[in-house]
Structure formats: C-alpha cells, structure tokens
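Each of the next two complexes has chain A plus one other chain: chain B in the first, chain C in the second.
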Partner chain A sequence: MSVLRSIVASVRVGWYREFNWTNPLLGFSMRTVGPLAGVIAASSVYFVGSSAARSFSPSQLAFILIGAALYTHVAAYSWVPTLAIAEGKWTYVFPQVFISPHSSLPYLTGRTLASFFSSTLTVIVSLVLSFFILSSVFNTSIPFTVTPLSVTLLFFAMLVNILAAFGLGLLLSAYALFATKFEWALPTYVAGLLMVFSEALFPVSFLPHPVSDVANVLPFTEFMRASRQAMIQGGDVYSYFSYIGLATLGGVILLAMGFLAFRYAENRARRLGVIDKKTA
Partner chain B sequence: MNVLDERLNDAPKIREDQPGLRNVMNRVDAEITVEVDGLRREFDSKEGKVTALDGVNLQVRKGEIFGVLGPNGAGKTTMIRILSTLLLPTSGKAGVMGFDVEKEPEKIRAVINMASGAERAGYDFISARGNLWFFSQLYGIPSEEAHKRINELSDMLGLQNYLDRKFYALSTGYKQRVTLVRAFINDPKVVFLDEPTIGLDVMTALSIREYILKQAKEHGRTILIATHNMAEVDAICNRVAIIDKGKILACDTPAALKRSLGAPSLVLEVSPVPAPASLEPLGKLDGVKGYTSSVDEERGLSRIQVVVDSDGSAQSVIDSVRKSGMTVVSNWRQQATLEEVFVALVGRGFREREHEAA
Partner chain C sequence: MKLHSNPWLRTAYARLWVRAKSIYGEPLWVAVNVGFPFFTSFSFTMVYRAYGLGAYAGFAILGGVMISFWGNVLWSMASQFNWDKQVGLFEIYISSPAPITAILVGMSLGGILGTAPSAAMVAILGWVIFAPPIHPFWPAVVLVFSLTLASLYAMGMALSSLYLAYGREADSVNEALHEPVSLISGVYFPSVGGISPFPFAVQAAASLVPLTIGMDALRQSLGFPIKVAFIPLYIEALILALMALILLLASSRALRFLENKGRRTGSIAVRQR
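On to the complex of A and B.
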C-alpha cells in the first residue's frame, strides 16, 4: 500500500513535470509538435525517395508512419528514469527520495508511467494528425485498420512494451546514478541506436549479420511488429500475439537486467558518495 | 591527551535534577538512538586519499538535540550523509535506532528524515503544499493525515499563507521552512539537520530554532544538527561534539565545555591590523592555549581572542602584543564561547582552520 502511494504520488509529480511547467494546453501542444514533426519528416523522406525511384507503396508509408510514431513514444519515456535522477540531483529531490523507506524504484516507476501516459496521448494525437496531413498532401490512401479491436490491440502492445522501456530506462539510469557527466546525453545516443535496431523505419533484415540477429530479438522490434499487425491492413491476430509473446519475454528479461544493474549501481553510488552529488 | 581533554573528562556532569539547565539528556541510562563507533570515511581525489572522518565515536540519546560543531571541511556533513544512508562508511560502524547503516538502510529510512540548509529540495513547478504532499506519500502517509500534518507543521513555522505558492516563487527563508516541514512530515524518530539556518536572516533563524526545540521537547525526537554556528549550538543543543579534521575533539554540554576552559578568555582590539604571521608568536607564549582573530574593517581594527589559563598569561599576551609594535586600543576578559573551546582544542579559530584547509 505504501509502495503504491509512492508510485501514485510520483505519477502525479511526473504528470506535472510533463505538462505543468507552463499552462497545460501550451504544454500539451509543445509536447505534440516533436513527435508530429518526426513522423511527418520520416514519411516525407520516404515519399520523396520512393517517388523518385518510382517505387512508392502506401503500405510502406503506413509501415514508416507507425514505426516513426511509436519510436518517438518509446524514446520519450524510456529515458525518464535518467532524467528524474539527473534533475533530481540538481534540485536535491533525488537524495530525499533515495532515503525514503522504499527508496527510488517506486519513484522512477511513477515518473516513467506518467511519461508513458503523456507520450501515449501526444503520439496518438500526432499519429492521427499525420495520417490526415500525409493522406491529403501525398494524395494517397494510407492502409490503416482503425477499429475498436485494432486500437485496443495497439494500446495493449504499448502497455506490454512498458516492461522493456522501463528495463532500458533502469539500465540507463544505473549509469546516471553514479555518473557526473554525459548522463543526459547517453539516452539520446541509445535512442538513436534504437531507431536503427528496432525496425522503426525499415525491416531489421536489411541490416548485416549478426547485427540483424541482435535487432531481431529486441523486445522493441517485436513491439513494432505487433503494433503494425494491429494497425495496418493485412495484419492477423495470430501473428500479433506471437509478437506480443516475444515482446513480453524480451521485456521481462530486459526489466530484470535493468533492475539488477540499478541495484548494483545504487550500492556502488553509495560507496562512491555520488547519490547526492550534483552533475557537472 | 591534552590538558583540556583531561579537564573535559574530569568536568562534573550536570545532574538531571539541577533546575534551569537543559542537560536533561546527560543520563547514562537514556536510550541510545544514534551510535557511531570508529567511523572512518575516505574519499579519492586527484591529490590522493582524503580522510573526511577519522575514527569517530559518538552516542546520541533519545530526545536529545545533539550538535556537531566544526569548521567547514571538518567532516560534519559526511557524518550526516552516512547516518542518513546516502553514503557508506569506509570502515567502522554507524547505527540508528539499533539498525546498521550498511546492512539495514531500509529499516533506518523508515524512522529518520534529513534536511540540508544548503539544499532546498523541491520541484519548482509545484506548490509548497504539493511538494510536501509528494514527500509525505513517499512515506505512505494517508492523504488526509498528510494534509493535517502539513497544516500543523506549517503553522508552527508561519508558512500557512505561502503553502499554495509555487516553490520557485518562495524566498530563501520560506523555501527553508518548507524544507524543515518536510524533514518532520513522516513523524521521524531521528532527524538529521545539516546547517539548518545557513544563509537565513536572524528572525527566520530564530523561528526555525524554536521549531526544532519544540520538535525535540514535545515529540521526543532525537535531532542531530551539524553546524558551524556556535550561537545555534548554544541556543538549542543539549550536548555538542566538537569536530575537526574528521576527529571528535570534545563532547559534552555547551555549558560544561565552556566551563572547562577555566579562566575567562582575553579579547584585544589592536591597531593597525596585523599580518596573520605576526600573531603566530602569541600561540607560543606560556599559558596560551590558542587564539583567533578577525578584522573590523569599518573601524580599522583587528580583534584577537586569546584563550589563556590564568590572569598572568593574559597580561603576558598584552605585553607581547605591545612589544610587537601594535597599539592595544582596548582589552577585556569575557566568558568563554564555544569557539574559544575550539581554539583551546586546536590552537586556531574556525576561520583560520578553514583558511588552512583551503
């Protein structure tokens, strides 16, 4: 119960952190512009390139549109534990959280969930907007399946992916705990890699071996595949659930790795005396 | 063991039944809430290993306001960081309420809280009340109870009218009040305060001291304060440990420590302002335990406080100063302060110590 209170309070603080730094409408708009621009940019690059090569395919556009939108979603909230630690050291909130009875894990969970909710909202809005904008500008019909079932399956995939994203977040924040430099930058580098290795913009089979094999088993890749099965015409429920199964398995493994790395880093940070050390 | 140490050990302890004295905690049978045994902490630096704590032993009793007094860099904050489970010791033991900081940090965290005057923890974009509510939830306090405590504690510190302001909009003094409300929000048994009134105006500092006293007196909390503010220690601490270079030099009630010096100290106002090196011979005179000096720039004078063991030593100090070419504008004897206790123990004042460390 006490842990739950910590998580709920941290979700609330996270929500304020996401939207309440200015008036909520402006905050929401600013947070939607990023993913919307990302989706439109990626889709436009594809459209221009494929049109020049006379190989444009609406289903490939749908592939990129879904991938780009969900990539920004994962990138937006998987680095929140790192952010919460780095800014928490600056504001001295993090050391206070650390010495509370349940320490920092419920706090990081709550902050991640808050960011998941907010980025889910902004990504769905940017997905809808980019669908209409791109359909109209490129004068094409993007083959999306929008039914109650497909939307439910998409949300379910997003929920399952929290395991992997939080696991990645904990791995990154394990470094942020005792780092005094570059802890802000590391998630950006990892997010860049994720764009290449998670099938966000192109199938990972295009990558050379053995990189493609590694990318193939990443839970993020399975999440992308499951989401496409749900949202793009021609997808099937059997494939969806097989991808979801793999995403869950990979997510649990990544979460366990993140948890162990974080616990190790906590102890080491306490030994080094950097839990309350401000970053450079 | 120097002369002062012997005196401190031989100094009569204030009895519980003595009226008007605050030393009700000087009982050997009182419950020990904080225990430190041979505590050592080293840090790696570019220059090599730096010893912040060098075999510290300490016992703090239930309901006691215990001061750890020393100049900057003495090891006070390191001790608080270890006791509040932010930092692990290099060696030695530290425990709170019988729990070991190294092996049982989660048990300690349930019964303590901590606040630092230099670090005012809070989210700028949330109100003071919102911040306090958030911290209360980390301790699993039901929301209604949390709001009740926030109101009660804020009342004591005159914070009620500021609770709904965003944290960033509060002045330094009010941010510090929020920090101190937070430090007691979970009804802790032991509270660690690191320089709780640093950088605050006199009135705010006074109200914070009253609040701390009330928390110890009315709720039986143990409060350990690390500070270099001697007035603060004198005003609210039941006992004080004087620390320098990671070692506890003396530990007793403020009154007993001051009494242990024996003779009143000598204060000289001299002109012109002497170079620090020209004062060094003073420390070598017979009967002089140490000295500290400060400059009164407005009056163009230097004030030298000398800890002496007798009237004869005081006179020889005055003679020595005159012989060195300085004019003694005025001199008097005064009741020893805690800084003079430090001077007697170390041979230098806080300022000189910090200057040496820098």
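On to the complex of A and C.
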C-alpha cells in the first residue's frame, strides 16, 4: 500500500510540476499548442508533397495524422523519468526522494503516469482539432472511425504502450543518474529516433535493411499499427489484437530491461556517490 | 579602430568567445545537438519520398538546418537573460559598464558560430544521403542566409527583453512557441506562395515572422523546384534586412526600458524562482 501511496503522491507532484506555474487552463492550452502544430506540420508536408505528385490520398493523411499525434504523446512522457532525475538533482528533490526508503522507482512511476495522463489529454485534443482544421483546410474527408469501441481500443493501446515507454524512460534514467551535462539533450535525441523508427510518419519498410527489420519489431511500431487499426476505416479487430499482443510482449521486455538497468545503475551510483552530483 | 580600445567591441567579443567556447570546448555537443534536427528532417524527407515527391526532399533538409538556428534563438537567446538572472549573472551585466547591446550581439554571433557545426552536419548528411535536386545561386544563398540569421537573432534579442519581464514562464513559452512558429514559417514545406496549403490570411500573418520570409528566400536562392514564387527574391532580401533593423532597435529600446524600470523599482536582480 505504501508503494501505491508513493505513486499517487508522485502523480500529484507531476501534475503540479506541469501545470502549477500558471492557471491550469492556460497551462493545458500551452501544452496542447505544440503537439497540435506538430501534427499539422507533418500533415502539411504530406499534403504539399502528395498534391504536387498528384497522389494525395485521405487514408494516407489519416495514417500520418494518427502517427504524428501519437509520436508526440510517447515522446512527451517517455522522457519524464530522465527529466525527474536531471531536474531533481538541480532542485535537490531527487536526492531527498532517493534517501527515503524504496522511493525512487515509485517516484519515477508516478511522474511518468502524471505525464501520461496529461499528454493523453493534450494528444486527444490535438487529434480532434487537427481533424477539423485539416479537413477544412485541405478540403477533404479524413477516414477516421470514431465509435465508442474504436476510441476504447485507442485508449487501451495507449495504456499498453506505457510498458514500453516507461521501460525506455528507465533505461534513459539509468544513464541520467551518472550524467552531468548531456542528459538534457538525450530525450530530444530519443524523440527524433522514435520519429524515424516507430512508423510515425512513413512505413518502416522504406528504411534500409537491417534497420527496417529492427524498427519492424519495436513495441512503439506495434503500438502505432494497433492505434491505426482502431481509428482508421478499414482496420480490423484481429489485426488490432495481433499488434497489441506484440506491443505488450515488446513492452514487457523493454520494461524488464529498463528495470534491471535502473536497479544496477542506482546501486552503482550509490556506491560511487554520484546521486546528487550536478557537475562533471 | 583597435578592438581593445572599444568597450562595445570588447564586450561583444568576450560574450561571443564564451558562447563559442562552450560548444567547441566540448565537441560532443555537436553530435548531441545534431540529433533532433537530423532525425526530424530525415523523417520529413522520407515522407516526401514515400508519398510521391522526392524532388521536394530538399525542403526537409533545409528545414533541419534552419530549425537548429531557430532552436538556438529560442533556448539560448530569448530565454538566456532570464536564466542569467536566476543565477545572478544579469546583475553583473547591469552593474558593469558593458553595453547590454554588445552582450546581445556577442551572444548572437557566438550562438551562430556554435550552431553552425550541427547545422552543417544536417546539411551534409541530408545532401549525401538524399541528394535532392538543387540549382543554387551561391552569392544569393550567402546573402539571404546571413540576412535570415540577422533577423532571426534580432527577434531573439527582442524576445529576451520580453522573457526578462515575464520570468519563470520562459521555459513553457519556449516549448509552446517552438512548433507553432516552425509550422507557420514553413520550415519543412512552403507555408507561403503558390504551393502553400494555408489560406491567404494565414500566409499574410506568417509573413510577419522573419523565419517565414527567410525560408522562402532560401528556397528560391537554392533553386528548389517551386514554380510560383511568393515574392521576388530581392524584395524578400530587403524585407529581411528591414526586419533585422527594426527588431534590433526594438530589442535595444525594450531592454533599456526594462533596465530603467528595474533600477527604479529595485527589481532588476529579483529572482523569480
């Protein structure tokens, strides 16, 4: 129970960290503007290219729209554990969390969940707004399936993807415990890699071998595919659950790797005395 | 005129040196900074190629180059004085006889020098991997690129005074500004002109941002396959020069105003976190 209490408290800390610098509505709006602009930018790139080539297809636009929105969602919360450590070292929060017994993992879990909830909200708003804006600006009908079942399946896919995203977050955190200067830039690197290798904007089959083979089995790729099966017309439930199964399997493996790496790094960092180290 | 006899030049040089040294003193920063612009432009290039028009791949590579500078303007120019204030450095700037405009100009030039390696890497990797068709007129490219950077960094100087006034919101404002400005400026696709997907009103509003005009001018001077230009290249160059001048003057006045106000109210060194 104490672990659960720690996680709930950390979720609250995360929300305060994200929204308490201003009134919640302004904070939420400012967090939504970025993903919305990102989704419209990716869709505009597709529109400009495909219109000039006379190959515009609404279903491909839907493919990009879903991918761009969900990529920003994953990128937004998978780096939170790294941020919690890097920022926590400077604000002396993380050393305090660390010295209280068995708190670092529940703290990072809570911070990640807080960011997951807020970025889920921002991404849903971005998806809805970009759907209406792009339908109107591009003068097209985007073939989304919006039913209670499809939306539930999308949320379920998002929940499943927490495993992989948190696993990735823990792997980065293991590095952040030791890092003193490049940890701030690392998440943007990872976000860029996710954009290329998770089938966010284009099928991974366009990548050269063997890179495409690796990208093909990443849990993030399977998550994208499952979400598209749920939300784009023509998707089917069998494919959806196949992708979800693969996303879960990959997520569990990544989470286990992240957990082991973090535990090892934490023990080593304690021995070396670098938990509160801020400069090289 | 000798450098050491002019306090303005000495200050600008000193600030430039510190900023450039912070990058070149740790070469790994170049590899770190190149990540996001490269992967983003790689993704958009793949979108152009995958969905039909590889000839436009150059748009995305140019976007990756310019997004490096835009990121530097936001994170290392606009919000720099606010961070300097948090660590007590701004107080030293103000109490020293160093002209604040020299500090800003030095910071800009250092920022450009520091960002240049990662921007160049994005350009080189993009051109080597994708070889987009371009027909550049290099004197125009150099002129337009310099004017775009001048107006962009002048905008960063103007924003720095705004951030100084608003303080702790700076990080969130940066995060909120980065993507929308990239979008309306058409960093990865032409947001103005014949093939823009946006309505005229949005194009007109976007034209007020120096990056929009700069991107369009760069696309024209690099000879990308755009059939209908938004505005003739020489007019865009004039607009960029004018924008740089106006923003430079605006930033200088805004900072002087904030400095005077801060001195009167005694809040110039108050840390807001």
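The rule is short, and it goes like this: the second predicted complex is superposed on the first by the 278 of 280 C-alpha atoms of A that agree within 3 Å, B and C clash if a C-alpha of one lies under 4 Å from a C-alpha of the other, contacts with A are read in each partner's own complex, and residues count from 1 in each chain.
Definition applied: a contact is a pair of C-beta atoms (placed from the backbone, for glycine too) under 8 Å apart; a residue touches a chain by one contact, two chains touch by 3 or more.
What you see is a predicted model; the values in this text were computed from it and never measured.
Upon superposition of the two complexes on chain A, no clash is found between chain B and chain C, which fit side by side.
Across the overlaid complexes, the C-alpha centre of chain A sees chain B and chain C at an angle of 80°, to the nearest 10. Legend: residue contacts after superposition of the two complexes on their common chain; A:148 is shown touching neither chain B nor chain C.
Residue contacts after overlaying the shared chain place A:96 against chain B, while chain C stays out of touching range. Put simply, more of the residues of chain A are touched by C, taking chain B and chain C as the two choices. By the document's definition of touching, of the two partners only chain B reaches A:5; chain C does not.
When the two structures are aligned on their common chain, the gap between the nearest CA atoms of chain B and chain C comes to 5 Å. Shared contact residues of chain A with chain B and chain C: 21. Note for the complex: chain A touches chain B at residues 1-3, 5-6, 8-10, 12-13, 16-17, 20-21, 91-93, 95-103, 106-107, 270-271, 273, 275-276. Contact residues of chain B toward chain A in the complex are 43, 81, 84-88, 106, 109-110, 112-114, 116, 119-126, 130, 133-135, 137-141, 182. Listed in rising order, the residues of chain C touching chain A in the complex are 26, 28-29, 32-33, 35-40, 42-44, 46-53, 56, 59-60, 168-169, 172-173, 175-176, 178-180, 182-183, 187-191, 195-199. Chain A contributes residues 21-22, 27, 30-31, 33-35, 37-38, 40-42, 44-55, 60, 64, 137-138, 181-182, 185-186, 188-189, 191-193, 195-196, 200-203, 206-207 to its touches with chain C in the complex.
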